[in-house]
Amino acid sequence: MPSHQHRGARLLALPLALTLLGAACGGGTGENADPDVAGGGSGGDGAGSGTVDVSGSSTVEPISSAVAQLFEEANPDAVVNVDGPGTGDGFQLFCDGETDISDASRPISPEEIATCEENGVEFVELKIAFDGIAVLTNPANDTIACLNFADQYALVGPESQGFETWAAAQPLAGELGSNTELPELPLQITAPGAESGTYDSYVEIVLEDLAEEREQEAEPRPDYSSQGDDSAIIQATEANEGAFGWVGFAFADRAGEGVKILEIDGGDGCVAPSAETIADGSYPVSRPLFIYVSAEAAESNPTVAAYVDFYLGEGIDQVGEVGYVALPEDLLAETASAWEERRTGAKEA
Amino acid sequence: MSDVGRQRVPLTLASLQGDRRRLRREAALRRLFLGAAALSIVISALIVLSLIREAWVFVSQVDLASLWTDGWFPRRGLYDLKTLFAGSLIVTLIAMAVASPLGLGAAVYLSEYARPRVRQALKPVIETLASIPSVVLGFFALTFISPEVVRRFAEEATLANLTAAGIGVGLLTIPLIASVAEDAMAAVPDALREASSGIGARKVTTTVKVVVPAAVSGLVAAFIIATSRAIGETMVVLIAAGASGGSLFSLDPLREGLTLTAAMATQASGTDAVVGAALTFQSLFFVGMLLFLVTFGLNLVADRFVRRVRQKY
Amino acid sequence: MAAVAPHPRTAELVRARLEQGKLDVAGTLFRWLLVGTLALSVGVLAVLLIDVVTGGWGVLSSRLVDFLTSADRTSAEEAGVFQGLRGTFWIGVFTVVLAFPVGIGAAIYLEEYAPRSRFTRIIDINIRNLAGVPSVVYGILGLAIFVKTLASLPDWLGGGPLTGGRTVMSGGIIIAILVLPIVIITSAEAIRAVPDSIREAGFGVGATRWEVVRSHVLPYALPGILTGTVLALARALGEAAPLILVGAVQGRLGGGPGSLVDLGQLQERFTAMPIMITNWSGEFAEGFQDELAPAAIVVLLVFVFLANGTAILLRNRYAKRR
């Protein structure tokens, strides 16, 4: 039965043929993945043909992705991968040498600097934009228009575990000196989790000082719904009348009528977030956005350097396109000079 | 032994021992196939080793108090195991509650009632349900089951919730229960059915009082295998039960939650250059080891029951 | 073997006679209950398919080719699944090239060569357990081996200092390992079903064990083996959890479309269809969750159902031949 005998061989022949075909077709562009060059897994023969690995903040991700898309259009052989697991997770990968650039929505922390140092990773810190953190509630919640830091501490701070309604936080808020009237609505908090820089920024700006005063850990109450996806926070806020959450301003702005953005009183009166108030610093809950570039990658991988050049040049317009606040001229110049000189080390710790 | 007209060839020992080359090839091939089979043991060993190596780091260094806290927040050093077990338990219970009646009912019908042609038409349908990737069920759970089924009856449910995920996992497991249960009932000899009919029992009596009890070992095996599958399901929970890097301990099925499996998948950046909470990476392996032990144990038990079915008949 | 009922007509006549027209309430109710459960299962499947097809119809009908050949983009009108198709293609290749030969070889050993010893029993139990291990644990194995341990080894093995082994090769190998037990179990069943008389015919004319297997057993068992392997392939195409742990890109995978069979891509970051579906399902930005995700699901289901349908067809065709 020769036909049966050959059938078995034919079964294996097909995938083998496919693979050989693939080798023939792909042989030409195979040079791209030259694995001998450290930093990115492929150096290639020029600035426009290597691989750049970017990871980190989900807030900065849209900017880096938009810039990457444009960069790839200008340099068809380049490959720029952008991921957004969170600022903290991003730094872990970065300090492990696994990524070339780390997006961050907060400055690198002392522990992270120490880990990077331990692993011999040097970085160039580049501020690229401003972002505000919008504090949200549902539009149906019409008794509240403005919250101060004491209110927010009472609602979501470390001592607030178990508060089921907004009004339940009233006594604590009063203790801290606020006289905002909190409604009798069920309190449903949806906000970023600990992997997110937005979480870190919010905790640092809103909760830290009060927590220190009251000798508590600067942490939010553990019983809130932590979401990695900013859009999920928006959705949850739209769906629940007593919702409370915080998210990057660009996301909130885009969400339009579905959410109500609260004004924040940081001690100088109630201010609503907008491009202007974030840029001039009058909106209290705002933070700079960074990219941290591995000095070693910048040196050994021309594509990384080209990408960052592009980022700070034509690409920086994407900051506004995506919805964040562009840096004023002087700060942008500072960033540019820091990059040109490849100044390593953190300024903002 | 006809050697008429042929040369007489002396019979030597060599000719009885067979062609050396053939035998050598035979032995080589045998070893090759043995290697292939033994590879499975290597894989098992690798799984256990890779789990134990990091899990041991976790177990030896973890602050035992952090294993019983308010929630599972590995990046903050809170490793409350009961959060994950509660999540897995809730999802599995809901899944089994959905899959058991549907799967068992389908199996009983196909095995006892359906005409051969109906059976032939329906079996591929069940197998089609079985082949649907879990990500598709996850999408379905999030975008259809949650709004249309869960939130319709329980408005306070969050967008992503454990119930929707549980129902999704249940749908995924129906074909598994159906096929194993059907095999179990098919293994029951016709003699039992005929004897029951012979003394005048109706179809339903025969089915319920004779066939099902006779197949009970196989049915138990089906449930255990399905439970193991439900516990091990990741993608449906990841997509439809919402909770990201951490979750508070809760027994409320109408909120988001984390299971053992989803907790592992959300540590995907999986790097050990840990900053801050020192054991985040190792916790991934620890949970993996727990999961492996649970499903391993369940599979062993199920295997016992399956073998009992085979022995009986 | 299911209960072989007598011709339905006869059974009904006899039953009617015996019952003398009395209504068997419980029996009828029970029967309808069973039909109900079956209908519910089938109904849910139908609802799922309808939901997915109607959701993705807009994208699929208006720009199918563009959708299949574009890379993932930030805007929903331009995004496509090509990178996912490429990743899934390579995972399929790895599954076929690695899992099928090894799995069939292992099955041949277990059914044809293995003595009834303790060692054989251990291998058997071991394989059954591996089949029941959750896919995410295989992901951990991939993470531990390819991403961590091998990262320090030479790059030709799939590791690399910066990519850290989070490549499609790593993903493909680990999925091949995942479906290996399924291939072994189904192939072993197919081989076991071959009647001994066939083997004995071969031995009778002096063939060695391998010659008997190659020329008698395998051809006879091939349909069953093929069915099992195709089902395993369908499973491999739909797996996502191991890929997440091995580092499939969940954000933006760079590089644009490129070619399908570029071997250089094997050592690059990757994504796959199930991963893209997962990302798009959770992406609440306009158009992703409600249009692109179902469209991608339809594309994936086409392949999975194709594989499944082939397996069923094969089984039916060769079952008739017996």
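As written, the chains take the letters A, B and C, and residue 1 is the first residue of each chain.
Operating definition for what follows: contacts are C-beta pairs under 8 Å (C-beta built on N, C-alpha and C of every residue); 3 or more make two chains touch, one makes a residue touch a chain.
Remember, predicted model here, so these are calculated numbers, not experimental data.
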Between A-B and A-C, the pair with more C-beta contacts: A-C
Greatest separation from chain B - chain, by CA centre: A
CA centroid of chain B to CA centroid of chain C, Å: 14
Length of the line joining the C-alpha centres of chain A and chain B, rounded to whole Å: 37
Multi-chain contact sites of chain A, meaning residues that touch two or more partners: 55, 85, 98, 229, 232, 235
Chain C, residues touching no fewer than two other chains: 101, 250, 282
In chain B, residues with contacts to at least two other chains: 268, 272
Interfacial residue positions of chain C with respect to chain B in the complex: 1-5, 8, 18, 24, 26-27, 30-31, 33-38, 40-42, 44-45, 47-48, 51-52, 55, 101-103, 105-106, 108-110, 112-114, 122-123, 125-130, 132-141, 143-145, 147-148, 177, 180-181, 184, 208-210, 231, 234-235, 237-241, 244-245, 247, 250, 274, 277-278, 281-282, 289-290, 293-294, 297, 300-301, 304-305, 307-308, 312
Interface residues, chain A side, partner chain B - complex: 55, 85-86, 88-93, 95-96, 98, 109, 111-112, 115, 119, 161, 193-195, 219, 222-229, 232, 235-236, 239
Interfacial residue positions of chain A with respect to chain C in the complex: 1, 4-5, 7-8, 11-12, 15-16, 18-19, 21-23, 25-27, 29-33, 35-36, 38-42, 51-53, 55, 61-62, 65-66, 68-69, 72, 76, 78-85, 97-100, 229, 231-232, 234-235, 297
For the chain C and chain A complex, residues of the former touching the latter: 73-74, 93, 96-97, 100-101, 155-156, 160-164, 214-215, 218-219, 222, 226, 249-256, 258-259, 261-269, 282-285
Touching residues (chain side chain B, partner chain C) in the complex: 22-23, 25-26, 29-30, 32-41, 43-44, 46-47, 50-51, 53-54, 101-106, 108-113, 115-116, 119, 122, 124-129, 131-140, 142-144, 171, 174, 178, 186, 190, 193, 200, 202-205, 207-208, 225, 228-229, 231-235, 238-239, 261, 264-265, 268, 270, 272, 284-285, 288, 291-292, 295-296, 298-300, 302-303
